[in-house]
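What follows is chain A paired twice: with chain B in the first complex and chain C in the second.
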Partner chain A sequence: MKKLKQLPLLFGLGLQTWAGSAAADVATALHNMFTLPADTSAINTKAVAMFFGFVMVSLGITFWAAKRTKSTSDFYTAGGKIGGFQNGLAICGDWCSSAALMGVAALIYSTGFDGLIYSVVPFGAWPLMMFLLADRLRNLGKYTLADIVSVRMARVPSRTLVSGASLAFVIGYLIVQMVGAGTLISNLFGLNYEMAQVIIGVLIVVYVAFGGMIATTYVQLIKAVLLLSGATFIVFLVLQKFGFSLNGLYQAAIDNSPLKVGVMQPGVLLPDPVNAISCGVMLILGGAAMPHVLMRFFTVPDAKEARRSVAWAASLIGYFYLLTFFIGYGAIAFVMKNPEFLDAKGVIIGGANMAAIHLAKAMGGDLLLGFISAVAFATIVAVVAGLTIAGASAISHDIYANMFRHGQATDAEVMKVSRIAALSLGVLGIVLGIAFKGQNIAYLIVLPFTISSTVFFPVLFLSMYWRRLTTTGMVTGGWLGLASAIVMLVVGPTIWKDIMGHPEALFPYKYPALFSISISFVTMIVVSLLDKSERAKAELASFDDQFVRSQTGLGAEGAVQH
Partner chain B sequence: MEELYRRIDADPEFHALSRRRSRLSWALTAVVAFSFYSWIFVIAFKPAWFAQALGPETVLTVGVAAGIGVIVLAVTLTGVYIWQANQYFDAQNRKIVAHAQNEPQT
Partner chain C sequence: MQHLYRLIHANPRFHELERKRSRLSWTLASIVLANTAWYIIATAFFPKNAETTGLLADIARFWGQPVNEGGATTWGIYIGLVQIVVFIGLVIFYINKANGELDALKDAVIADALRAAGEQK
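== the complex of A and B ==
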């Protein structure tokens, strides 16, 4: 029986909730979706009201955007008319999920210095993206990552790989966000877990299906402004308590923390260098190649605006990570010893993830608490909207328009499929969010980054930089890398040992990225070098044209509108 | 368009520009990669270096300051690349494209 229950989990579906007492569970879930919890006194009305304000503004924008979304180009890339600064803010919105705020603060709160690793390392993706990818991506791309690859590679096999991996990426990331939203809504708003799924599911379908990329961009932008200003305000209040002396803040953290002076020093989070390096490589290469972020490069008119977007995004995200330093240490200083936020045993209420939220209350009372709660939830909504439009583009543009209709579909048909895809992803998000309620989803957090670093980064990098890459090499390496990553994750410590309960993991490392990326790169290179087919020769020959286009932007989408 | 690509590809100026651009990209990538990996490797192998206080008057440690420094350096170098690209590469690029477009058909 135990084995049977584990089987669906192996495929990442986690539908076991539905298998057993399905009917009763569905009834409870449906009931919880639309009703308030029994204890209505726990509802945080300020937070709910402020979130409602965000919803109203975003729906107004969607209404405005819907009238401007007439063609597929409007839908996928806002017609390529977004400015660099706006796009930079929107990228910042896509990048900073609520994990970046609450998760990093939680890690600093519980481990001190080691938590900083998670705000420094992921940032490495930004310079890399700028120096190696941004210009070329903008000059080669149209709507999706697969467009870049198929400039030179055979259409069907390359799109199958990239769009398939994109969907796996989107769905894995989506589940993490939906489960996070459910937990957040019960902790912060005092509402039912299932209600979060419905609110997010409905909102993103409305944003994406009607407002397309224009609405999604402005939702991200507003969320980024709210998140940055909320975090700035908390840090301002924290520093004010110490007369703006950094030393005062750190001294207070040292005094409060059980780690004492160790809170400022490297600890034991990285006992294993292989895991540490693998995790670092995964965060940096994976972060540099995420489809929902890179897609944003196509919403600006040219390479220059793409660079401006990255400049703004990198500065804002860097600034945000610096704020998380202070929020984490601020939480140690003001939450750790404050009985208001501790239970009878002296443990932080709601877990370390609530550290940033409690800090908001300690600094600015109920009003700031409500604001930060609303921002945290809006953050999830915006990230899910960005993922949904990336997923809907992969389905409608890559799979439907290019693979099934071979580029013969009309604009209206593709738009219709995009909207159906957005609706399906919304429904899927709700179903998966409820199916995964209360489960250990640690492996799902690693999955999207592993896919991104194992498939997207090698594919994009080699197709733009290495003349000899052929379709056969790319596709073989991509699929093999993806398969090896999933196998290593399944037999690794998180799933095999922690979730399935085997005594020892078959693969010792929590982060397989270092190995799967190597498999991907080596296979792509070796198979390409062995590929002597006619198609391979044509692909080699077309590298020069692609190279000129990637460097000059000549023939790039949106750049030649005389 | 293909004809135009060929003509640009035949222009030595174009290849000189590509080389300069790629030299800058890779040099900056190397600096950033070095700074991030040094930071991680010190944490993994020489944590004691990062555990020291920055000075006698402060409790700020070398590790925390270096972490902030790594982020600031990455943002600055991103700025350097963009400044070079806007200042120099774009203008050169326009010149090369205009030259190829105005060349008489062969």
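== the complex of A and C ==
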């Protein structure tokens, strides 16, 4: 009894200590935010000016879009009125995060050929999405992924699973982007980390809460154009140095890299077959089912336009990935042996992630550096905006409107919740970004892709292709898959060994996706087959109707009625 | 709407549409999956020493070989570049088929159903 009484006290004390240290953290954060770095000459004025230009244009668009965002349909999907080409560009903007520009270049810089696995394999997700998912998704969906699933499945359990996993996906991805942005900005602009978090957070809330999907789409669109043209220009300058000879570029890479000929050969990054296959499966299936990307299929009028936007997106993203074949190797050729970009020990300043940025400076001086820095910042802002709108829709449309209000909420109420959700996600992004400052977030990069391949892909694929899938089967498999993925990540080498400092990991593989996807699929199939309930029978019977709708688009949201 | 769905489902032309679409989708999807698998195999099974033999090791070794004797560019680079271009080509091939032939068949199926529904009234 006495022990029990002490419990709240202990808890209170713990909370107090926690609150105390949190308050101290907040104070430091606030102090840092408003202190200019000691060396103000570190502020890259050209980069700041160009980014400022981007911000002004995007805010102008948001103001224009805000007047056009009247209903929930405008907010979530821009009223389904975006054209195929614009949507394709916007999808390209959503897809190409800073990881695609700087991350792939960094991997090639340090491991050579294998870094390209992050270009070619995720790109395989695009044709796959087009052939197997795009038409059906457009024909069945309305605003979110959960809408597709609940065409045939019980509303509350299926939405709980899909919206819960969506939020975990969004928050995990958000932390990665925010922390990346902070580090990047302190390196590039000379601004401090906390200030960067606040700038991004505020911009996102303004874009999403006021401009909804219309503003988000145009922000993505501008960013995609900037990113593609910036990357093209770097590659042009790199190839020009070698008289447009591929052999010249790759020979220079071989000469500079400590890997020598190995830099042109596979086998460095993922020498263990299980990890390599698991990583590959995660990238291709996870890439094909990302909620913030699939949501864009609903911003176009019908399946025809959805296909057109996928074709544009695939061409633009493919083109971008082609450029990564030259950017990473260009960095080896021009940055690796250039003292301007190396510290006293000969290590690249700011880490391998800065390889692409240093390359810009090596090729085009301060002006190109400023431009690429501004592009990188715009890229992060745009991706975070896309994630925020996906998260806000999961909260307002799936959780609030459909689960709590059972579809009885008015448009105005849902809009209000959407805006509050966008604001909360923005604040959460800033708080988490500051909380995770300087921490090893490698595991968080694997998390969104793992969730996407373990939950969203099996759920969408089976609900559209397999007649026998039932709600019970889907929900059991989805939660079990998600839980197993998180457990395997926690006891795996990245967290258990590298972060928590245990000598050996309990689960030997860095990428658990192969196992969690199998658990998810097998459980969904077995439980569905065992499910003999009345609800299961009804769900089975409604497959034909859903199937006709998915194939013809008859009865689809926003489709032209014949 | 449900009535129309039933009418369409009973129409043999609908099943023709479905067969055509799924044959096209799955053929193209398997090409993509096979190509991606090939890429992953090369990365996962690249032999660490010259003595390792076996099919997977040989495939992976091929990727690391220069295209021209004494040149720097390996087969892997060209295969990767060509793969991306081929994937884009497949997507464009699919969209032409789907927005042309398949959509025409789909419109015909819907028209059939609407006509049948009109006659029943």
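By our rule, the second predicted complex is superposed on the first by the 536 of 562 C-alpha atoms of A that agree within 3 Å, B and C clash if a C-alpha of one lies under 4 Å from a C-alpha of the other, contacts with A are read in each partner's own complex, and residues count from 1 in each chain.
What we mean here is this: contacts are C-beta pairs under 8 Å (C-beta built on N, C-alpha and C of every residue); 3 or more make two chains touch, one makes a residue touch a chain.
Here the structure is a predicted model, which is why all the values come from computation and not from measurement.
> Given the alignment on chain A, is it a clash or a fit between chain B and chain C?
clash
> Output check: A:G364 vs chain B and chain C. Expected answer is one of first, second, both, neither. What do you get?
neither
> Figure out whether A:G350 sits in contact with chain B (first) or chain C (second), or with both, or with neither.
So A:G350 meets neither chain B nor chain C here.
> For A:F123, using the defined touch cut-off, is the partner it touches chain B, chain C, both, or neither? Pick first, second, both or neither.
In the superposition, A:F123 contacts both chain B and chain C.
> So, A:G83: does it touch chain B (first), chain C (second), both, or neither?
After superposing on A, A:G83 lies clear of both chain B and chain C.
> Touch check for A:I277: first (chain B), second (chain C), both, or neither?
both
> Taking the stated contact definition, name every residue in chain A that is touched by chain B in one complex and by chain C in the other, in rising order.
Comparing the two interfaces on chain A, one with chain B and one with chain C, the shared residues are 113-114, 116-117, 119-121, 123-124, 126-128, 130-132, 135, 246-247, 250-251, 254, 261, 264-267, 270, 273, 276-277, 280, 284, 304, 307-308, 310-311, 314-315, 318, 321-322, 325, 544-545, 547-549, 551-555.
> In the complex, go through chain C and note every residue touching chain A.
1-2, 4-6, 8-9, 14, 17-18, 21, 24-26, 28-29, 32-33, 35-37, 39-40, 42-48, 60, 63-64, 66, 68, 71-74, 76-77, 80-81, 83-85, 87-88, 90-92, 94-95, 98-99, 103, 106-107, 109-111, 113-114
> In the complex, go through chain B and note every residue touching chain A.
Per the stated touch rule, the residues are 1-2, 4-6, 8-9, 14, 17-18, 21, 24-26, 28-29, 32-33, 36-37, 39-40, 42-45, 47, 50-51, 57-61, 63-64, 67-68, 70-72, 74-75, 77-79, 81-82, 85-86, 90, 93, 96-97.
> Quick check: in the complex, which residue numbers of chain A touch chain C?
113-114, 116-117, 119-121, 123-124, 126-128, 130-132, 135, 246-247, 250-251, 253-254, 261, 264-267, 269-273, 275-277, 279-280, 284, 304, 307-308, 310-311, 314-315, 318-319, 321-322, 325, 544-545, 547-549, 551-555, 562
> Under the touch definition given earlier, write down the residues of chain A that touch chain B in their complex.
113-114, 116-117, 119-121, 123-124, 126-128, 130-132, 135, 246-247, 250-251, 254, 261, 264-267, 270, 273, 276-277, 280, 284, 304, 307-308, 310-311, 314-315, 318, 321-322, 325, 544-545, 547-549, 551-555
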